[in-house]
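Have a look at this one before I ask anything.
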Amino acid sequence: MAGLATSFGSGAMTNSIKEIPHSKVILVIGSNTTEAHPVIGSKIKQAVRNGCRLIVADPRKIELTGLAEVWLRLRPGTDITLINGLMHIILKRGWEDRSFIAERTVGFENLKELLREYTPDFVSRVTGVPEEQLYQAAEIYAASDCAQIFYTLGITEHTSGTDNVMSLANLAMLTGNVGKENSGVNPLRGQNNVQGACDMGALPNFYPGYQKVSDPKAQKKFEKAWGVSLNPNQGYMIPDMFAAALQGKLKAMYIMGEDPVLTDANANHVRQGLKALDFLVVQDIFLTETAKLADVVLPGASFAEKAGTFTNTERRVQMVNKAIDPLGKSKADWRIICDLAGIMGYHFIYKSTAEIMKEIASLTPQYCGITHERLGIRGMQWPVLGEDHYGTQFLHKDRFTRGKGLFMPVEARTPDELPDKDYPFLLSTGRKLEHYNITTRHSKVLEGHSSEELAELNPLDAEKLNISDGERVKVSSRRGELETRVKLTDRVPPGMIFMTFHYKESPVNVLTNAACDKVAGTYEYKVCAVQVSKLE
Amino acid sequence: MSKSPKNDLIFNIDFDEYLDLEQYRERGGYSALAKALAHDPKISIREIVDSGLRGRGGAAFPTGKKIEMLRNNSETVRYIICNADEGEPGTFKDRFIMTHIPFQLLEGLTIAAYLAGASKGYIYVRHEYPEAQRILRSGIQAAIEAGLLGKNILGSEFNLSLELFSGAGSYLCGEETALLSSIEGKKGRPRLKPPYPTQAGLWGKPTLINNVETLANIPKIIDKGASWYRQIGTVDSPGTKLISLSGDVKNRGLLEVPFGVTFAQIVNEYGGGPPIGKTIKAVNIGGASGVHVPPEMLNTALEYKACAQAGITIGSGAIFVLDNTRSILTNVQNRVRFFLHESCGKCTPCREGLRQANNIIDKLLRGEAGVKDVDTLERYTRAIVNASFCGLGQAAGNSLSSSLTYYREEYLAYCRENRELNSKEETA
Amino acid sequence: MQWIQLKIDDRKIRVPEKTTILEACRMNNISVPTLCHDPELTNWGACRLCVVEIEGMRNLITSCTMEVQPGMVVKTSTPKVKEARKTILELIVANHDIDCLTCEKMGECELSKYAYEYGVKKDVFLGAKRKYELDDSNPFIIRDLNKCILCGKCVRACAEIQVNNVLDYSKRGFETQVGPAFNLPYGESECVFCGSCLAVCPVGALTEKQMTAKGRPWEYKKVQTTCPFCGTGCNFDLNIRDNKVVGITSNPNSPVNGRALCVKGRFGVDYIHSPNRLTKPLIKKKGEFVEAEWYEALKLVAEKFKTLKDQYGPDSLGALSSARCTNEENYLLQKFMRTVIGTNNIDHCART
C-alpha cells in the first residue's frame, strides 16, 4: 500500500477485474494467481486464450509459467534488479512513453541516472534470468499500447517490499501504462477485506480514508465527529507491538479475528510477546492458537451471521448479508465492540451496520457516496464521490491521485537473510489452492481433500540428502524447527524449499524471519535461510 | 463398360492407363498452370466463374465464387485443402483421379492455390486409400523436383508447399469443418458455420476447400477456356460428372457423363439395365446420404436445377440400383446404421434420432410395430433432416424420408395391423 | 453500433447487429427453450431445442447460433418448430435416467421443465439406455453420466471460465460421453474442483455431494453474499434451511465472478457449522478456560482495560483488527481504540 501511495497517491489496485480477459499484455510478478486468487487466475488464463501475451516472473514453476510467452525465473529477492533491468532496456531502445513522462510524472531524471548501471549483463548475473529473456519481456511489455501488472505478496513480503512496489510503479509510468483501461499496477489483495481494513483506518498512522493521524486538520475533523480529544501520536505497527510487549511497554491487547501465532513471522517471538502481556482479549470464531493464550475469549460470528461490507481487491465495496443467526451465544463482532464500549461508558449506539456505514461515509472521502442500500447486489468501486456518483472503474485517469506520478529511483537490496553454510536452503512461503489461511482447516470437505503440508523440494536436492518423495523431514532455521512431509517437484529450483502456512502441525512461521520492510512493516515471509534434514 | 460418347471430356476415363508426370505433360498437362501464372489471377478466376463449375463433393457451390472470396480476404495467410476423404459409401470417383491421373489433380490444386493466394496446402486422403496416398506422395515429390510445386513454381514468385494428410477412418471428416479440426489435431467434429472456412478455416485462417473432382476440372477450364467448357453439359450445369454406378445393373463401375443426361440413360444405357428377369424397384442417388427414388422419376435430367426441383440429391454422384427382390426397409436400415456408427454424437437429432429410427425399423422387421410407429418414424426423420447440426445428420435422414414418401406401402405392410389384415384375408 | 430490423412472430423488432436470434427473442420476451445454450459460454448448437423457422431457409435453424440479418422473418412457434422441439425432447428423455423422485435437481431441472411444457411422456421410447457407474471419487461433486444430456456446458465452462480444459467429449455417436481424459474419475484427473461445471449443468448429472439429501431447491432460502476468503470478492448465494447453511450456489449476477468460484468458496464454507466453533465467552481461570456469560466477560475486559489505561497510559494498550471482518467492524474497532482507549495502537496483518 505504501509503495503505490508514494508513487501514485493511492494504495490500491488501479484497474478492475472485469478488464482482465481483454488485456493485451499482462506481467504477473510474485503472484501464484491461479492458487491464491483462483478466479482472477482464471481470468488471466481467459486473457491468454483471447490472445493476451503473458510474462511471468517467478522463481517457482507455477501454473501460469506454463502459459507464459516469457517466464523470468528470477532468484528470490532480486525483483528490483529485474525490474530496473527491464527499464534499462526500455530506455536504451527508446521504448519509453515520452509524452506521458513529460506530462504526467516527476522525477524521471533521477530514475534515468539510477538505471544506467542495470545493464542486461549485470541484471542477468544477479537474477539468473538469461539476457535474451530480459529483452523479450521488455519488448512485449513496452511495445503494447496497454499492459497490466499484477503482483501479490511475492512482491510485498520482503524487507524491500515497498521498494519493490515503487519499482513496478516506475515501470508502468515509464511506458505510460497507467490511468487507462487494461493498463495499470494491480496488487491482488490476499484476504477478503484487506483493502477495507486499510480504508477503515485499522492502521497506526491513519484515520479512515488514509487521513493522517499526524495531520492536525484530520485530528480536528475526527475529534469533532467523535466528540473526544484524540491522541496525535502514531501507534505501534504489529511487529513493534510484540517487541513493546516484551519490553513491558505494551500491557494489554485486544485481538479481533487474527491468529498472529500462526500467521506472523517468527512465531516463537510472537508467542513470547503475547505471553508477556498482562491481559489478552481474543475475539474469534475458533479457539485459535492465539486465543489459547488469551485471558478472555469472545465468540464472534462468521460472515454468514452478520451484515456489513467487504472491500475487495479492486476497491469494490460489497454487501455481506446476514443469512442465519449467530451460532449459540456468539455475537456479531460489531455488536461485541458496541457492548464493550457501552460498559466502558461510551455510547456506540447503532441500530444496524447500515448506520455505521453512514458514519463511515460521512468521514471517509472515498466512501462518501456509499450506503448499504446503494451497494445492492452489484457493490460499488471507490472512490464513490457522492450520492449521484457510481464509483470508479480505474484510477489515475488524466491525473494521479497525488497530482503527478512520482518516479522513485530504487536501488536493489538483498533480502535480510540468505542461505549460507549452516542454513543452505532458501525457504519461501505462500498458499495453496485448497486452503485459505487457517480457517479452511475447519472445513470438513477441504480438510478431507488436503489435510497436510507437502513442502516442495527439488528432486536434485532430495537426492543429495537421500530424501524420498512423501518422506517426513526436519526443517530448521535460526528461529525454530518443524517437521513436514515433502513432495519432490521441479516446481521449485534446486536450493529452494516452499511451504504453506495453513497447517498448525507444520507451523512454517516458527521458521520465518521477522525482519520487515521499514515503511510498511511487512515481514519477509518470502525469503529466509533454513536447513533440511532427514529425521533420525 | 461402355466408352464415353464424347472423346474430349474432362477425365476421359481409361482404367488401363496411369499417366506419370512426363506422359501428363506430353499430353499438354501443366500448360494451364503456366498460363495461369502468366496472367493476373483475376483473369483466370473470371474464366472459372464463367465456366459455371460447381463443387463436385456434394454441395455444388460455385467454385469460382469460392476462390474469389479467398482472393478478396485481407488476411494474408491462407490455406488450400483438397478434400480427398471420399467416404460416401458407393463412391469411388476420386480414387480413380488420384490413382490414374494424379497430376491433373495436382495441377488443378496448384492453380487454385495460386488464384486463392494460398501458399500452404493439404490433401486430406482417407486412410482406406493407401494406394492413392502412395501415388500422390511420389507425385508431389516428382512435381517438386520438376519445379511444379514448392518454391518459385515454374520460375515464378509463387510458392506452394503441399502436404498429404491421412484421415483416420471417420466418415464425418469428409465434412469440411470436421476435416479442418482433424488436420488441426482435434477431434474430427463439425464446427459452427458461419464462419465458413473461406472466412476462418484452418487455424482460423481463410481456407479454400475443394473436392478432388472439382480441382481436377480446373486445368481444362484454364487451358481451353470457359466457352469450350460450356459446350459440354447444359446451360444450368456445364461440364461432366463422374458417376459411381453400382447395385443391380449389368455394368457397374465408374463413368463420366455430361450433365443433362437422364438417370434412366445412366442406368439403362451406360449400366445396361437391371439383371435379366428383374425389374428396377428403386434407385438410390447420392450415396448413403442420398435419396431413394422410384423408376418413374428416372427421367429427370442429371442437372442441378432439375434435380433440386425433383428432390434428388446428386451428391457425390453415387448411384445404387435396387431390383425388385430387394427390401427397401433393410436397405434403408443399412444406411441408418452406417450413420448411427458415424455420428459424432454432438447433436440430439442425429445421435438419438438415428438410434430410435433404427429401433423402430427393427421393431417393424420383427413384426411388432404398428402404424403409429411409422408415424413416429416419420416425425423423427423430419427432426433428423430439419434440425441436425451438420450435413451428416441432415443427409442421414434423406433415404429415410424419401423411402417413407415413395415406399410408404412397404413400411405399412410390416405393421401389426396390416399383417393381421393380410393373414385374415389369407384365411378367408 | 448498427441496428438491425427484423420480424419475429409478426412483431417488428430492432436489435444491435451481431445479436443472435435467441438473444433477440429473449430481449423481447419471446420464450425459446434451450438446454445447451449459456450466455456466458460460446454458442454450441448441440441440443437443437432452440430451432426456429426462418423464411427462405430450407431447414430449421438454431436460434442460438444464427445472427440476425436485416429483414429476416423468423417464426418461433409454428407447428413444424413445435413438433421438432417435442421430438428432440423425446429423444433426449429416451436416453436419460428417469430418476426424478430422488434426483437432487428436481425442481431446477431444465429437461424436466421443458418436458413438462411440451408434454413429453416416457412411454414412446425404445431400446437401451446408457449404463455408467456413478463417479463418487471426490469429496465435492457427484457425477452421474446416466443423467447427462451431452449439452457440453460443463466442457465449455471448464475450457472457457476456468480455462482448465479437463473435460471433453470422448467416443462418438450413442456412446458419446463427457469426462476427463481417459474417462478418469474427477478425483484422479487434473480437475481443480472450481465447480464451474456444477454451476452450469442443466440436469442432475453433476450435483454437489455436501448438499445431497439436505433439502429441495425450493426449500432453501438463498442469500447473496461476499466470499470470506481471498481478496477477489466473489459473490455467491448461501442456501439456508432451518437456520443452517447447507451449501452455496453460484449467482450469475455476481459482479466480479459471475458463476465462477474456486474450490474454497464453493465447497469450503462448511466451516461455519464446524463443531469447533466458539459459542460462548470464555474466561481463563487458573489456566483453564471456563464458559461465562456475556456481561461477566465484557465487564472483566472493561475493568482490565480501564485499570491498565489508568495505570500505564492509553498507549499501553493495543489492538489487532482483522482483514477478515467487515468494514463496519474494522471502523468500530479503530474508533474504539482511538476514542474509548485513546491510542493509535491499532493495526492489522495486511498493511502491504
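Which chain is which? They are A, B and C, in the order written, and residues in each are numbered from 1.
Here is the rule we go by: contacts are C-beta pairs under 8 Å (C-beta built on N, C-alpha and C of every residue); 3 or more make two chains touch, one makes a residue touch a chain.
Remember, predicted model here, so these are calculated numbers, not experimental data.
Engineer: Relative to the centroid of every protein C-alpha atom displayed, which chain's own C-alpha centroid is closest?
Structural biologist: Of all chains shown, the one whose C-alpha centroid lies nearest the global centroid is C.
Engineer: Comparing centres built from CA atoms, which chain ends up most distant from chain C?
Structural biologist: Centre of mass proxy via C-alpha means gives B as farthest from chain C.
Engineer: Rounded to a whole Å, what is the gap between the Cα centroids of chain A and chain C?
Structural biologist: Inter-chain centre distance comes to 28 Å.
Engineer: Provide the C-alpha centroid distance between chain B and chain C, rounded to the nearest whole angstrom.
Structural biologist: That gives a centre separation of 47 Å.
Engineer: Mind checking the centre-to-centre distance between chain A and chain B? Centres are C-alpha means, answer in whole Å.
Structural biologist: The separation of the two C-alpha centroids amounts to 63 Å.
Engineer: Using the touch definition from the top, list the residues of chain C that touch chain B in their complex.
Structural biologist: The contact residues of chain C facing chain B are 43-49, 51, 59-60, 62, 65, 80, 83-84, 87-88, 91-92, 94-95, 124-127, 150, 152, 168-169, 171-176.
Engineer: Show which residues of chain C lie in contact with chain A when the two form their complex.
Structural biologist: Residue positions touching the partner: 138-140, 160-164, 192-194, 209-210, 221, 223-235, 238, 240, 243-245, 253, 255-257, 260-265, 267-274, 276-284, 289, 294, 297-302, 304-306, 308, 311-312, 314-340, 342-352.
Engineer: Which bits of chain B are touching chain C when the two form their complex?
Structural biologist: 187, 189, 192, 340-349, 351-353, 355-356, 359-360, 363, 376, 379-380, 382-383, 385-389, 394
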